[in-house]
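Below: one structure, written as structure tokens.
Letters are used for the chains, namely A, B, C and D, taken in the order the chains are written, and counting of residues starts over at 1 for each.
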Amino acid sequence: MTNTQVTLVQIDNYGPWTVTPEPRREADLQTLQSRLYADISQFVGNRDGYVFFTRFDNMIAVTNGLSMSDHRLLQETMGNRYPVTLSLGVATGTSPVQALSDATSLVQDAGSAQDKSRRECLEGRVIDDAHRTDDDVQIAHFDVVDATGQYTDELNAFDSFIHIEQGYAELMRHMRSDHESLSFFVGGDNIIVVCPDLERSEYETAIQHVEAAVDVELQVGVGRGISAHDAGFAAKHALETCRADGTRVELEW
Amino acid sequence: MTNTQVTLVQIDNYGPWTVTPEPRREADLQTLQSRLYADISQFVGNRDGYVFFTRFDNMIAVTNGLSMSDHRLLQETMGNRYPVTLSLGVATGTSPVQALSDATSLVQDAGSAQDKSRRECLEGRVIDDAHRTDDDVQIAHFDVVDATGQYTDELNAFDSFIHIEQGYAELMRHMRSDHESLSFFVGGDNIIVVCPDLERSEYETAIQHVEAAVDVELQVGVGRGISAHDAGFAAKHALETCRADGTRVELEW
Amino acid sequence: MTNTQVTLVQIDNYGPWTVTPEPRREADLQTLQSRLYADISQFVGNRDGYVFFTRFDNMIAVTNGLSMSDHRLLQETMGNRYPVTLSLGVATGTSPVQALSDATSLVQDAGSAQDKSRRECLEGRVIDDAHRTDDDVQIAHFDVVDATGQYTDELNAFDSFIHIEQGYAELMRHMRSDHESLSFFVGGDNIIVVCPDLERSEYETAIQHVEAAVDVELQVGVGRGISAHDAGFAAKHALETCRADGTRVELEW
Amino acid sequence: MTNTQVTLVQIDNYGPWTVTPEPRREADLQTLQSRLYADISQFVGNRDGYVFFTRFDNMIAVTNGLSMSDHRLLQETMGNRYPVTLSLGVATGTSPVQALSDATSLVQDAGSAQDKSRRECLEGRVIDDAHRTDDDVQIAHFDVVDATGQYTDELNAFDSFIHIEQGYAELMRHMRSDHESLSFFVGGDNIIVVCPDLERSEYETAIQHVEAAVDVELQVGVGRGISAHDAGFAAKHALETCRADGTRVELEW
């Protein structure tokens, strides 16, 4: 049974900071947000977690394997090197959405995202090492069937992008409402979804749903593991099987 | 009248690179994509352009003010420091979508995104300095009315995100189909749209459309300028007026 | 008794890469070298180690606390994101210079720094967790007495720099030949030295030696710990005592 | 005749910042310093200048080709993305050391490096476009003859480093005192020197001096250009001639 450890990463007082004393150059905000995310991706990723850029001022991470002191160190190193600071909420549970919801409440209870005095809160709990298992995380890695042939080499780059966005928006809503799952666009034509225990048929239904709703053809590789990296890497390999064999759903177990 | 110079930035052979000889750690791909984008944002932004991460392997930029040799230098500096290379297509026109479409064709004609032998193509043309005017670029900067109060401090972080994504997906489609415009989510609750000459009423209609379709309330500041930075900065200031006065559409001229 | 774990980090085939097929823009090489070092500093530093930029193509790290699989992961993540790869040699011992020498031999035995076929070697051994103690690392943090008043606010910036370099060159030679220690300039007027067990009198002698030889006045804080971070952080605090009390040598135990 | 435009880049109030409210993790300071330098290297380098890391809190740049508004933009973009700010002094002259000295005075007159109230000063003047010539900058690129064979593959990595540092320290002093030149170690076994108009014989003398003083054998390629990049790139090509032909001094004109 899945036991997902989810961390909400929220930049403290970011909205006001971006316009104080004056609005800042947009290109600089984009650079700052991207590099801040990239550093968190290295810190979390090198401990076998995954972090998704999400809204950039709010980022969602699967942190099975990271301890509370790892979370504190992340805050410290980012606070030492950036002009902003981070608040973190950590929660766990069978349902990824529920864990994320609990993590969010921990941060919200500490204060508003635009509360000048809320800085570097760290609340929550992690899974004890003794209780971690190889089933804790389930990751599904979707991509669009032959995106290069269907879109990238054929349509203008924005229309390709619109198709992929529509596919993402539809999948994201379906996976959240029907399966308590968290879906994230990660570049190209790839969407990574953090799931509870789902069956082959549920992935098949999701794919059919998206095709019917927005005419975007997805395929998916699914993996399980003790961490996001282990589950996600297995999912990537399963997806290679889809690509090689022309199948639409492959489970790595 | 607008005369938008659009550049399509496409990483050469990226899909295959990410899985050769084996799939690469996802967190490393995220870091690479984000830092590559951040560097392009600095290069383009410091010459008063804007670049949007879009799909990360395909990025769209508004490059009024950058010459062809600036584009060549961008390829050179990125090629010297990253394990991948970039192909660029540059086009101009009254319609941002048309310019982007022409830029895409230039790259597509040079070869597939996954063509091993297509590397560092640079095709297209820029606007002569002599022909640049203060009306060349129109930027609309949308955000969600009181996102912090309505979403961030109230809902779980993923449901906040879903609302913002739905708003983005609806606005993106409407602005593309009705107004030849290119819309980009840039973090938080902000969407930047690259427009041709649009009137106040057209922005009001767009906002009403999104509210009716997905119940997301947007406000917008609009600016014009000789470059994306000039237009976008004026748009940011106009948006501050919306925030201060409670209005929904503000034009900076 | 100190037991320093030293890692030599060497970029594979870097010299030839910088000029193939043509010499590359110097500013790009500087950016690449600096960011590569910065990433290694985060990876090693977040595991409580220290890495020094040294020659940039060859970097020296104190890696007490990092396992061999940590070293392998460092190679993997860097190889995924940079156009070059790293070879690593790891050794341990009472004498920092001896450990570094053994680490160097491990890499040299695997092949020349400019051997096209030597890629991502990883050789050596780490200290077992069971054998680690709070005395394993001794760090001395030197700086110039009142550098701001004596140099930065008085001399031109290059003459300030020359004074600091002369102080560094003298200290580096003395600490290596008389005390088997490794000295690194780390910016400003700061030099960090990795030492075996040294006594107060030996630090006093070093300071007198440098003052007599090149007329540069140094002060030093010294710390011990189970890791470079623990020892170095204690050394920083001791140095603050020098600054506050006007003393020249402070030991944090 | 050379006309070098030199910029001193000084981080405002850095010393106090690194220890307020407490000393910061050393690895984080190293990361911050290196990435701040890397960004300045991109900004300056993409405008055909060179910047050298020097002391990291004080950096020296050759900025022929950058205007005062380029300098202001550099301050703005760095101030938007880092927790520290920069003060800049710009001066020009036949003698690189004199120009650097004038640039330093401009910053010193604005206030101490540790003056809390001195922030983002920008003083000085640049060379008018109309007055720039192909002789403005002279760059000499030195390296150690067969460093890989003599040092890297033979000695331990610290002893290799000591040899290169001794060579650098000697060259740096000689070139400054005898030739008004600024010398910078740039990694590996490479030293870049910013010179006024020097003759072949003066480079030969410098090489002999270093060999006699510290037994380190150098070779050098020299170039001239309208910018640091032009001069330095020509120097790199000249150095390739030394490597290919076994000569010790090559001038690219």
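Methods note: a contact is a pair of C-beta atoms (placed from the backbone, for glycine too) under 8 Å apart; a residue touches a chain by one contact, two chains touch by 3 or more.
According to UniProt, the chain labels map to these proteins: A, B, C, D = GTP cyclohydrolase III.
Predicted model only: the values in this text are computed from it and were never measured.
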Per Cα centroids, the chain farthest from subunit C (GTP cyclohydrolase III): B
Selected interface, B-C versus B-D, where C-beta contact pairs are more numerous: B-C
Separation of subunit A (GTP cyclohydrolase III) from subunit B (GTP cyclohydrolase III), taking each centre as the mean of its C-alpha atoms, in whole Å: 22
Length of the line joining the C-alpha centres of subunit B (GTP cyclohydrolase III) and subunit C (GTP cyclohydrolase III), rounded to whole Å: 43
Rounded Å distance between subunit B (GTP cyclohydrolase III) and subunit D (GTP cyclohydrolase III), as computed from the means of their C-alpha atoms: 37
Where subunit C (GTP cyclohydrolase III) touches two or more other chains at once, by residue number: 25, 28-29, 31, 35, 42, 45-46, 77
Overall pattern in which the protein chains touch one another (line/ring/star/complete/other): complete
Touching residues (chain side subunit C (GTP cyclohydrolase III), partner subunit A (GTP cyclohydrolase III)) in the complex: 39, 42-43, 45-46, 73, 77
Complex interface listing, subunit D (GTP cyclohydrolase III) residues touching subunit C (GTP cyclohydrolase III): 8, 10, 14-15, 19, 23, 25-31, 33-35, 37-38, 41-42, 44-46, 49-51, 53-58, 60, 97, 100-101, 103-105, 108, 112-114, 148, 152-162, 164-166, 168-169, 172-173, 176, 182, 186-189, 192, 229, 232-233, 236-237, 240
Subunit A (GTP cyclohydrolase III)-touching residues of subunit D (GTP cyclohydrolase III), taken from the complex the two chains share: 24-25, 28-29, 31-32, 35, 76-77, 80-83
